[in-house]
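Please go over the structures that come below.
Common to both upcoming complexes is subunit A, partnered first by subunit B, then by subunit C.
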Partner chain A sequence: MKRYGKLLFVLLILAAWPWVLREDVQAEGADVQTQGTAVSISPLLTGYIRDAQAQPVLDAHVTAYAENTVLAEAVSQEDGRYTLLVTANTPTPTEITIHVERHHFQAADYVIKDSDLEHLQQSHLLQIPIITLERHITPGFWIATFVFMGMLALIALGKLHNTLAALLGASLIFAVSYLGTPLYDGLYIFHFEDALRYIDWNVIFLIMGMMIVIAVVERTGVFQWAAYMAYRLSGGRAWLLVVILMIVTGIASAFLDNVTTMLLMTPVTIRIALSLGINPLALLMPEVMASNVVGISTLVGTPTNILIGSYGGIGFNDFLTNLTPGVMLALVGLILYSLFVYRHDLRPAETGAGISEVLLQRLAERGRITEPDHLKKAGVVGAGMIVLFVWGERVHLLPSVTAVMGATTLLLWIKPDIEEMIEAVDWTTLVFFMTLFISVGAVQEVGLISYIASGIGRLVGTNLTLAMLAVIWLSAILSTMIANIPFTAAMLPVIGFLSGNIPGAESKVLFYCLSVGSAMGGNGSLIGASANMVTAGIAERAGSSITYMYFLRKGFPALVVTVTLATIWLFIHF
Partner chain B sequence: MSGIVCAIRGGASSQPTIDQAIRTAVATDLPVYFLYVLNLDFLKKGSQSRTQTISAEMRELGEFILLAAQAQAEQQGVSAQGIIREGDVVGDEIIGLCHELTADYVILGRPKGAKQENVFTHEQLDRFGRHIEEETGASVVYPLGDNS
Partner chain C sequence: MTMTQILCAVRGGPESRETVTYAIDLALQTGARLTFFHALDAEFLNYATIGPLSVVYQELVEMGKFTMLILVDRAQRRGVAQVNYVVREGNIRKQLLQAAIETKAEVMVLGRPTRSPTQNVFKFNEMEGFAAELEKEGGLRLVLVPEMPT
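Right, the complex of A and B next:
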C-alpha cells in the first residue's frame, strides 16, 4: 500500500507540473507588465522572408531592434518563417525595426510603428508583412557561376572524369568560401553545413539500392538470353529483330539504368549482327535510342527521373500515368523511323546471304540464363519492389527506402559475396551525384538559378503552352550538348519556380516536360547520353565505329520525331 | 612454333587484314593466329563497378569475332586459332605474342576511321612495322591497298 501511495504521489506531481509551470510563466509576464520602464508589449513578432521570385529564404538573420538596442534575433526556417521573441527590457519604443540580412541578398528593413505598435501592445502578437529580399551580386556569385560552367564544360568535353569534374567544382567552391572570405567577405559562397542541405539523399539511396539489384540481375545471363530469344522470335527477319530488340531494351531500361542496359545488350547485339551478317549499327542505334526514350517511363528508369521525382514530389504511379503513354507513342514513332532509316542495312539478313551457322550455334550456346535461381529470386524481389513503388506512396514510403529494402532482401536471400556486391555499387557515380548537388547548390545559393528562372519567367509570362514548349525543346536541344544529369539538376529549381508561378503548371506538367526533353534529347548527339558513349565504346572495339557525325545524322531526326510525339501527348493529357 | 600473327577488331574494316592473313597463310602454309585485344579503357569514364561483368561480355564478343575469322580461314583450308589478350596498348600485345610464337609474319592493318589513341595512324603503322621487324625478326605484311 505504501508503495502505491508513493506512486500516486509521483503521478500527482507529474500531473500538476504543467499548471506549476504555467503559474511561473504568468508570474514572469506580470513582472514585465508591472514594471514601469520595461517593454509592456507581448514579445512575439513573426513573419516570412521571400526572394524576388516569391521563394522562401532560409537562414536569413533577422534582428529586431529599437533605439540601438537589440530586442531579439532569429534565423528564418525552410519555409522562410521567422519568430522573434523579445526578451530584452527596454523603455517603451516609439518604433521597432526588423532588420534582415543574408549572404547574396541586399539587407532589408521593416519598421513597426504607430498603429502596428499599438496592435502589438494590445494583442501581444504581430504578424509582420512578407519581407522580400533582392539579390545582391557578389564576386562569390561570379566565382560559383564560372566554377559551375567550367564543371559542365569539363564533363561535356570529356577532359575529366565526371566525378572528378564535380569534385573539383565542389572543392573550388569550398576553397573560395573558407580561404577567400577572411580576406574579402564578398567571396563567400556557402559553408559545408549549408552545402550538405543541397544533397538529395533520397536520390543517392535510391540509386544505390537499384545498383545492388542490378548487380545481381546482370550476372544471371538474362540479357544474353533475352537478346537470343529476340533473334529466335524474329525467325531471322531483321526488321522484326530490330523491333523486338528495341522493345526488350526499352523494357529493361524502364527498370534498370540505361548505361547498364546498353553495357549488357551491346555485346550480345553485335554477336547477333555478326551471325546474321548485317551491320551491327543497324541494331545498336535503334536499341540505344529506345533505351533513352523508354527509360523515362518509370521513376527508376533514369537518374534524371529519379532527380525529377524526388524534387518535384512525383511518384512511381505519376510517371506511369502521366508519362508512360506518351513514351509508348514516342517508341512507336522511333521504331518506324529506325526501320525506315536502316532499311538498306537490314537487307543482307533478309536474303540470308550473310548468316553464319557456326556463329549462330555459338550464339545459341551462350544465350542461356546462367544463374536461374538468382534470377528467380531477383524476379520475386523486383516484383515486390514494384508493388511497393506503386502502393508505397499511400503510406509515404519513399522510393529510396523501397530500393534499399529490396536490395537488402535480395542480398539476404541469395547470400552473395558481400564484398563483390558492394564493389558492384558504382561509388564514383554516387560521389558524382553528391558533389554535383553541392555545385548546383552553390549556384542556387548565389542566385544564378533565380536569375535564370526570372529570365525564363519573363519570356513565357503566364502562358503554360509556351512554357511547356520552351522547357521540352530547350532541354532537348541543350541535352545534346551538355550532360543531362547536371543539366536536369540545375533546371529543377527553375522548373519549381515556374510551376509555382504559371497558372495550370501546378499539375507538375513542366517537370514531365523536363523529363522528356532531357532524356529524349540524349538521342540528338553522341555525347547526349552516357548510354550512347558506352554503346559507341563497345561498338568501336568490335570494329563498328559510331562517330559524332554518324550519331548526329541518325539520332537528331529521331530526337525530333520522339520529342514531337511526346509533346503531343503532354498537350493532350494535360 | 611459328606462324602468322594477325590482330583484328572485327567489322568490315578488319576484313582486308583477315583476307591478307589468309592469303599469306595459303602462300606459306603457316597457321594463322588471330589476335583480339580486349581493351576496357572506355569504362574508365563510366562505371568501373561493371568491369567484371562487362569484361566477361567483351571477352565473349572477342571470341565471337575470332571465331568468325577462324571460320573464314578454315573455309579456305587454312589452320587458324584465336587468341585473346587484355591490354590498353594493342602494339604491346602484338609484340608480346610475336615473341611467344616466334612469329614469321605479322599482318598489320589499320581500321579505317578509328580515332582511338591506341589505334595506329598510317605513320605510326609504318614506324611500328619497322619496330616489330627489329624486335621480333618477323616480316610485316600490310593488307593490299591499305598501306601501299
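Right, the complex of A and C next:
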C-alpha cells in the first residue's frame, strides 16, 4: 500500500510538473530570496470541486493560504480535480485555508487544521474532502436566460432564420460578457475560450460528413424512384400506397435526415396523389409523421439522436438494440392510426379517378434513377459506413470519424465537382449547431440548467419510472411548442445529471426517453419539427394547405399513440 | 361577352377546385383559350435548415408543371379546345401581370383570398389594388371565385 502511495505521489508530482514550472517562472524573485531555506519536499494538496448536483466544476480558482500568505494556486480540471503544490516557504502555519472562487458560484472555504495539518506535515500529501459550491444568481444569469428564451421564441415563431437566431443569441452573450463586465462584474457570462468548450465537434463533423453523402444520394433520383415504385406496387390501392410510402419514408429517414427526406419525397408524393385523384394530405401527413417517428431508430437518423449519442456516449448499436424495436412498434401504431384517420380521403382513389396516359408516362419518367453509377457507389460506401458505425465502437471509432471517412471515400470514388459538393454542405446548419451549443453553454454556465435539473430531480426523486415518464412526456409536449434541437441540446446536461443520480438510470434509459419524446413530440404540431414545416411549405404551393390547427388535429393524437407505444417498449426493455 | 383569352392563376390541388371549374366553364361558354398560370415561390425554403436546394427546386418546378398538366388534362376532358399552361418563377404579382400582358388575356380568374394570412398568395385587402393594377396595366378584368372548404 505504501509502495502504491509513493507511486501515486510520484505520479502526482509528474502531473503537477507544468504547474511547478509555471510557479517557477511566476515566482522567480521569491525563489532567489528563499534559496537558502528551500524545503526538500513540497507539500501537495489535492481535492475535487463539485456543484450542488454533484457535477464536477471546471475552471474554479483554488487558492491555499496561511496567515495572509498565498501558498499555492490552481485551477480545477474537467473532472473537478485540483492539485495545489505548496512551494512558498513559510513557517509552520497553524491552519491552511483553501479558498475556492468561480464565476456564477458562491465562494467557499475549507480550513485544514489539527490532525489534517499534522498529516500534511508528516506525509507531505493531503486529500481534501470534496468542496461543494453553491450557485450564485447574477444579472448575467438573467441575461443568458432571457437571451436563450428569446432565441427559442424567435425560432419557434419563425421570426428569424434558425441560424440567425442562434448567432444573435451567441453574439449577445459575448457582447454582454466582454462589454458589460468592465462596467459591472455581475454581467459576466463566459468568455470565448470557455464557449468553444461547449461546442460538440463530434456532432458537427458527423453532420457534415452525412451531408456530403446525402448530397450525392439526393442527386441520384432514388427518392423519386422509391416513391414511384410505391405507387406502382400499390396498384392504385390508396391504403396500400400510404403503408408503402410510410415505410419507405421511415427507412430513408433512419439513415438520412428527415428534412432532406421530406423535401425530396413531398413533391413526388403530391404528383402521385393528384394522379390518383386523392387528397395529397392523406399521403403527406402519414409520410411526415413516419419520418419523425422512424428517424430516431438510428444514431444518424436525426440531429437530436446525434446530439444525444455524442453527449451520452450512445453508439449506433445501442440505438439499434434499445430503440429500434420500440420505434417499429410505434410505426405499426402510426400506420393503423393514419389508415383510420384518412379512411375517407383515401376512398376516391379506389373509385378510379385517373389521369391521361401522357401524364402517367411523365410520372414514370421522373420516377427513375438518374445517376445509377453514383447510387451504386453511394450504396457501397453507405454499407461500409454502417459496418463501421456498428463495429467501430469496439475500437472507439467515433461516428464523426466514420462519417468524414465515408464522405471522403465517396468523393474520391465518384470525383464530382468538388466546389459543387462543398456547396452542398449546409454550412448554415453547421453554424446553427455551433452557435446553438454556445447559447446552451451559456445557460449551462450561469446555472439555469442546474436549477432545472435539480427541480426535476426533486420532482421525481429516485423513482426511475417517474423519471422516465416525466422525461418522455415532458419532452414530447414541449417539442410541440419549441424546436426540438435546441430543446434536446438544453436537456442533455439535465438528463446527464438525472442518469447519475437515479438508481437504474445508469443504463442511459433516460437518454432514450429524451430521444423518443423530442422526436415523436415533433408530430404534435406544425412547428414541432423542421420536416413538418418544409412539407407544409411545399404542400401549400401545390394548393393543399396544412394549417397549424389541421396539423394539431391530425398530429397530436398520433403523438399520443406513438409515444405511448414507445413508452411501453422502453418499460419492457429496461 | 366576346372573349378570346382567359388566364386562370392557381396553385393546383384541392383548394383550387372551384376556381378551375369556374375557368373551365367560362372557357366552354365563351370558346376562349384557357391558360393556367402557376408561380413558383420557394422563399419558404430559406427558413428551413436544409442542403439540397437545387434538387428541391427542380422538384418544385416539376411539381408545378405536373399540377398544371393535370388541370390542362381536366379541361381537355371537359371539351376545352384550346388550353395550355405557364409556370413562372419569381415575384408572383409581377409574373402574373407579365403573363396577363403576354397572353393578352381579357379575364383573369383567381381564387378569392380567405381571411387566413398564411393560405393566400394575395392578402385579402390587397385584391382591390391588384384588380385596379390589372385593369390599368393590362386592360383585363379580375374574377374572384370563392373556394369551398376542403
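We take it that the second predicted complex is superposed on the first by the 527 of 574 C-alpha atoms of A that agree within 3 Å, B and C clash if a C-alpha of one lies under 4 Å from a C-alpha of the other, contacts with A are read in each partner's own complex, and residues count from 1 in each chain.
Heads up, the rule we're going with is that a residue touches a chain if its C-beta (ideal position, glycine included) is under 8 Å from a C-beta of that chain, and two chains touch if they have at least 3 such contacts.
The model shown is predicted, which means the values in this text are computed figures rather than measured ones.
The superposition on subunit A brings subunit B into a clash with subunit C. Once the two complexes are laid over each other on the shared chain, residue contacts for A:R237 go to neither subunit B nor subunit C.
In the superposition on chain A, contact is made by A:L263 with both subunit B and subunit C. Of the two partner chains placed around the shared chain by superposition, neither subunit B nor subunit C is touched by A:H136. In the superposition on chain A, A:F432 makes contact with subunit C only, not with subunit B. Using the contact criterion defined above for the overlaid structures, shared-chain residue A:R362 touches subunit B and also reaches subunit C. In the superposition on chain A, contact of A:E218 is made with both subunit B and subunit C. By the touch criterion defined above, A:H191 lies against neither subunit B nor subunit C after alignment on the C-alpha atoms of chain A.
Subunit A residues 158, 161-162, 211, 215, 218-219, 259-260, 263-264, 267-268, 270-271, 274, 280, 356, 358-359, 362-363, 366, 424-426, 428-429, 530, 533-534, 537-538, 540-545, 547 lie at the interface with subunit B in one structure and with subunit C in the other. Taken together, the subunit A residues at the contact with subunit B in this complex read 158, 161-162, 211, 215, 218-219, 259-260, 263-264, 267-268, 270-271, 274, 280, 356, 358-359, 362-363, 366, 420, 423-429, 530, 533-534, 537-538, 540-545, 547.
By the touch criterion stated above, subunit A contacts subunit C in their complex at residues 158, 161-163, 211, 214-215, 218-219, 224, 259-260, 263-264, 267-268, 270-271, 274-275, 279-280, 355-356, 358-359, 362-363, 366, 424-426, 428-429, 432, 530, 533-534, 537-545, 547. Against subunit A, the residues of subunit C that register as touching in their complex are 10-16, 40-42, 44-52, 55-56, 59-60, 62-64, 66-67, 69-70, 73, 116, 118-119, 150. Those residues of subunit B lying in contact with subunit A across their complex are 8-14, 38-39, 42-50, 52-54, 57-58, 60-61, 64-65, 67-68, 71, 111, 113-116.
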